[in-house]
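Read from first to last, the chains carry the letters A, B, C and D; within each, the first residue is number 1.
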Amino acid sequence: MRLFSTPQLNPASETGWRRRWFDIIYRSDTPPSRRFDLLLVYAIIASVLVVMLDSVQHIHAAWASWFYVVEWGFTVLFTAEYVFRLVVVRRPLRYALSIWGIIDLLAILPTYLSLLLPGAQSLLVVRALRVLRVFRILKLTRYIEESGVLLAALWRSRRKILLFLSMVVTIAIVAGSLMYVIEGPGHGFSNIPASMYWAVVTMATVGFGDIVPQTTLGRFVTSVLILIGYSIIAVPTGIYTAELANGMRRAEAGRRRHDDRGCIVCGHEGHDPDARYCNRCGHELPEAMDA
Amino acid sequence: MRLFSTPQLNPASETGWRRRWFDIIYRSDTPPSRRFDLLLVYAIIASVLVVMLDSVQHIHAAWASWFYVVEWGFTVLFTAEYVFRLVVVRRPLRYALSIWGIIDLLAILPTYLSLLLPGAQSLLVVRALRVLRVFRILKLTRYIEESGVLLAALWRSRRKILLFLSMVVTIAIVAGSLMYVIEGPGHGFSNIPASMYWAVVTMATVGFGDIVPQTTLGRFVTSVLILIGYSIIAVPTGIYTAELANGMRRAEAGRRRHDDRGCIVCGHEGHDPDARYCNRCGHELPEAMDA
Amino acid sequence: MRLFSTPQLNPASETGWRRRWFDIIYRSDTPPSRRFDLLLVYAIIASVLVVMLDSVQHIHAAWASWFYVVEWGFTVLFTAEYVFRLVVVRRPLRYALSIWGIIDLLAILPTYLSLLLPGAQSLLVVRALRVLRVFRILKLTRYIEESGVLLAALWRSRRKILLFLSMVVTIAIVAGSLMYVIEGPGHGFSNIPASMYWAVVTMATVGFGDIVPQTTLGRFVTSVLILIGYSIIAVPTGIYTAELANGMRRAEAGRRRHDDRGCIVCGHEGHDPDARYCNRCGHELPEAMDA
Amino acid sequence: MRLFSTPQLNPASETGWRRRWFDIIYRSDTPPSRRFDLLLVYAIIASVLVVMLDSVQHIHAAWASWFYVVEWGFTVLFTAEYVFRLVVVRRPLRYALSIWGIIDLLAILPTYLSLLLPGAQSLLVVRALRVLRVFRILKLTRYIEESGVLLAALWRSRRKILLFLSMVVTIAIVAGSLMYVIEGPGHGFSNIPASMYWAVVTMATVGFGDIVPQTTLGRFVTSVLILIGYSIIAVPTGIYTAELANGMRRAEAGRRRHDDRGCIVCGHEGHDPDARYCNRCGHELPEAMDA
């Protein structure tokens, strides 16, 4: 869970404005820091909306110059935020190299690069880079509390899910190769990579329909592949459900344990939270501390 | 669970016909109230069927005037029901502003609006409003008992599922933008919103096939997106399964507890199955009978 | 589970050949009854294969008369089996009206009906009835042991799954009506039933692509519908998983309980299966009976 | 789990180079054996990539002769590895007939067969055989530790999943036959096998869209089939999740048990957390340390 946690910075020795701004920017448990977070979220959503609207041709035709100004406005704003984050943190390099630090940088870099790489030919490249600005929205997940349990369960099951993905890729290679031989380039299975793309699309039950088997044998192999995929969809679901149930049980057990008391006479533990007497020897229990 | 529960009205002080009709309309545990509910359900289904059949062109051509009469009949019936509901309730405004009150109103409003907005131009709008009448069918869920456990589990996992949906939307934005740059308007990815629509359709394994990647790089990104979506489908399933299993375990525990021994002295119930002394007053418990 | 269980017939008073054949036909725990079951399964699979191959045009052209003979051979065989089942059972009517009795009848009726309804016009109808013969294969599930646990879990969750299906239908009606108004007959959404078909196909992530939204608003509504469907797919999975886990836990508890012993001195129960001394008072335990 | 485990060979009596190489090839817990495994994995991935790239027409046109040499290089390498595996194992025949032995053979056979079956006509066949070389990648799964738990859960639920698949096939036969009668060859449902292919594609929510219902009745049956498939997707997920959760709980219990107190007298471990006396010899246990 190291990747997604807030950076373990220790500004305890710091005082004055840096300490205050660190709390505002990196914490989210005081009114000013909450206000800062909300403002930032609104700015991120607005900037992503501008990029999206700018891509619609008839909107771009009418508003291009206005979008250009807004785009630079957001870039300056996010640059200021990025610099400020580095200033108030004790170890700026460590933050810059963390996941969030890199996303923060990627969110402002493309607009600056568009100045260095002018000309008609580079337009497409710049646009590609600008698109990366939508990574800003990834920041949003940081502000939602619940993500902890969900991500922790994902993190614990990462090895199992990776293994599952490699199984899917293996089956895609075998099935793709088979279908390439059975159906051949004439029916859209033009080479093994294309057949593998088809196998993934089919096994994951997406089924675009741009490439479809047309021979009887091909349809039979497809049916088998689908049934395998259909059975295999159980695997990541099972892994994740089991891990999540574990996590929730532990969290609940932790909460309950907090209230627990042992009997002074017989030492028996595990009483109900509202118990006043030990259920083994009948002696009075100490007062329960309510969480 | 406030949203879906029956309104907590307190007509205890009421007597006479209002009290009796309140019981018939809002309860469902007496023979007359059950008969009322069933009649209403039949009327709702019939009215929805009329709207549906009216939309089929060759049926509309033959039965239009008959449907017009039936439509008004149902509208008058449901209006009477709506007014009656407000009359017998102690706090009519509170009911009118509840989820069910608004649905009841939406189910009758469109037909009346079609009188105020006549003319050829408004036809489409009126039709759009009339379609909302199908919200009537939403009332059906109110009459089925089991919905409690299912909705309670949904309600408890609402934050987690919301978070999951925001993750899906974020991935859709990133993947949609990428594919817009890779494939471009020539292959159907005409702008970022359209690409996002494609990303949602693909990631959720729907895969209409109206927009499909045609470049090798685009197909590779699509395969990755599908595998992500395929792994991520585990998340809501896991959340909901864990919550539902929790809910069912609690319900079963509640039922079992109900059968357990009560303390002879203080009457406290809900002891552990292996408890020998009451955990509230410390008195010895009677022997447990094993089920 | 009444529907799928073997009929509770009591032929205890019967003796002689009827008793013997009842055991062969309805039981599956003796060598002759196992042999009978296997023979029947092979005959069912063969007859279904004949129906399937007969539908392929170029095979039908070459083998039509041969298939006709084989078809009648199977029909006579299954008729004999059906009559025999009725003869050896104590209450023939009760069996004839059970699920399996009706399927047995449907598996032979179409071929006989093709004699009563000759002529070119009735050909299609007869073909439709003949297709019902494939219900024979449904018998197969009867012979597989494991189906008990799976069907029991399905049966326990029947109310929840029914409720879930009615929620899906409700959403299909609302979404289908909305899309009918938004997209209109010009884009394939020709009437509300057709739109509902599209909504079910979309929400269940099938996505044929024969009808697709083409307006921006329609695509947005589609995305929302897909995300709802994507979240809702968790519901039946969750229900069934929770019920199945319950069933498996109970089955395991039942097996373990069988081995359990109580301490003669302190009466403590719940020892490990391989325990030799009570873990509360240290007294020797009675011998464990291994299952 | 016999199928996927490493072969239970007993080379204990062996010494010298055969023993050493057995450890390097079949074990993976010493530095040299790890290095050997990694090298082999890289070679497998490289050889699969060559087969895949060779299938892309414009790459094949430019690099055909180079690919031919590389192909033979890998074949010689893998042949040497295969022979070596047989040499160092005590029972070569047993290994050769195991799953991995057969895959190892299939990975090298096609290239040799392309020498015996020259000529234009046999080209396609040879290509088909060459594709089987991708089975090499299946070896990869052998090297990942976690696969044990996942495969064990799959293995325990094999009967339930087989039963589920036979249910899916049965429904596909019934639904396919019905749709063949309803829609007919004119709408793409040209025979029952083709209709069954369509039913599997639809029920598993793949939905290519190459065959779609066009009549109202056909669309209704399709909707019902989809809802059945949608409910039935819960089954394998539920089975696998329940089995996997069981497996993980047992693994965790095993780990916890491992930390527990041992009896001072008889050394027995694995006592209940609240046990006070050893359940094998009856001697008092040391105090439990709470984790």
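Heads up, the rule we're going with is that a residue touches a chain if its C-beta (ideal position, glycine included) is under 8 Å from a C-beta of that chain, and two chains touch if they have at least 3 such contacts.
Not measured: the values here are computed from a predicted model.
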item: Chain whose mean Cα position lies farthest from subunit D; value: B
item: Whole-Å gap between the CA centroids of subunit A and subunit D; value: 29
item: Chain centre separation in whole Å, for subunit C relative to subunit A (CA means); value: 40
item: Residue list for subunit B, restricted to those that touch at least two other chains; value: 164, 193, 196, 205-209, 233, 237, 239, 241, 245
item: Contact graph of the chains (line, ring, star, complete, other); value: complete
item: Partner subunit C, residues of subunit B touching it in the complex; value: 48, 51-52, 55-57, 124, 127-128, 131-132, 134-135, 137-138, 140-141, 144, 146-147, 149-150, 153-154, 161, 164-165, 168, 193-194, 196-197, 200-201, 204-210, 233, 236-237, 239-241, 243-245, 248
item: Subunit D-facing residues of subunit B, complex; value: 205-209, 237, 241
item: In the complex, subunit B residues that touch subunit A; value: 159-160, 163-164, 166-167, 170, 173-174, 177-178, 180-181, 185, 190-193, 196, 202, 205-209, 212, 216, 219-220, 222-223, 226-227, 229-231, 233-235, 237-239, 241-242, 245-246, 270-272, 274-284
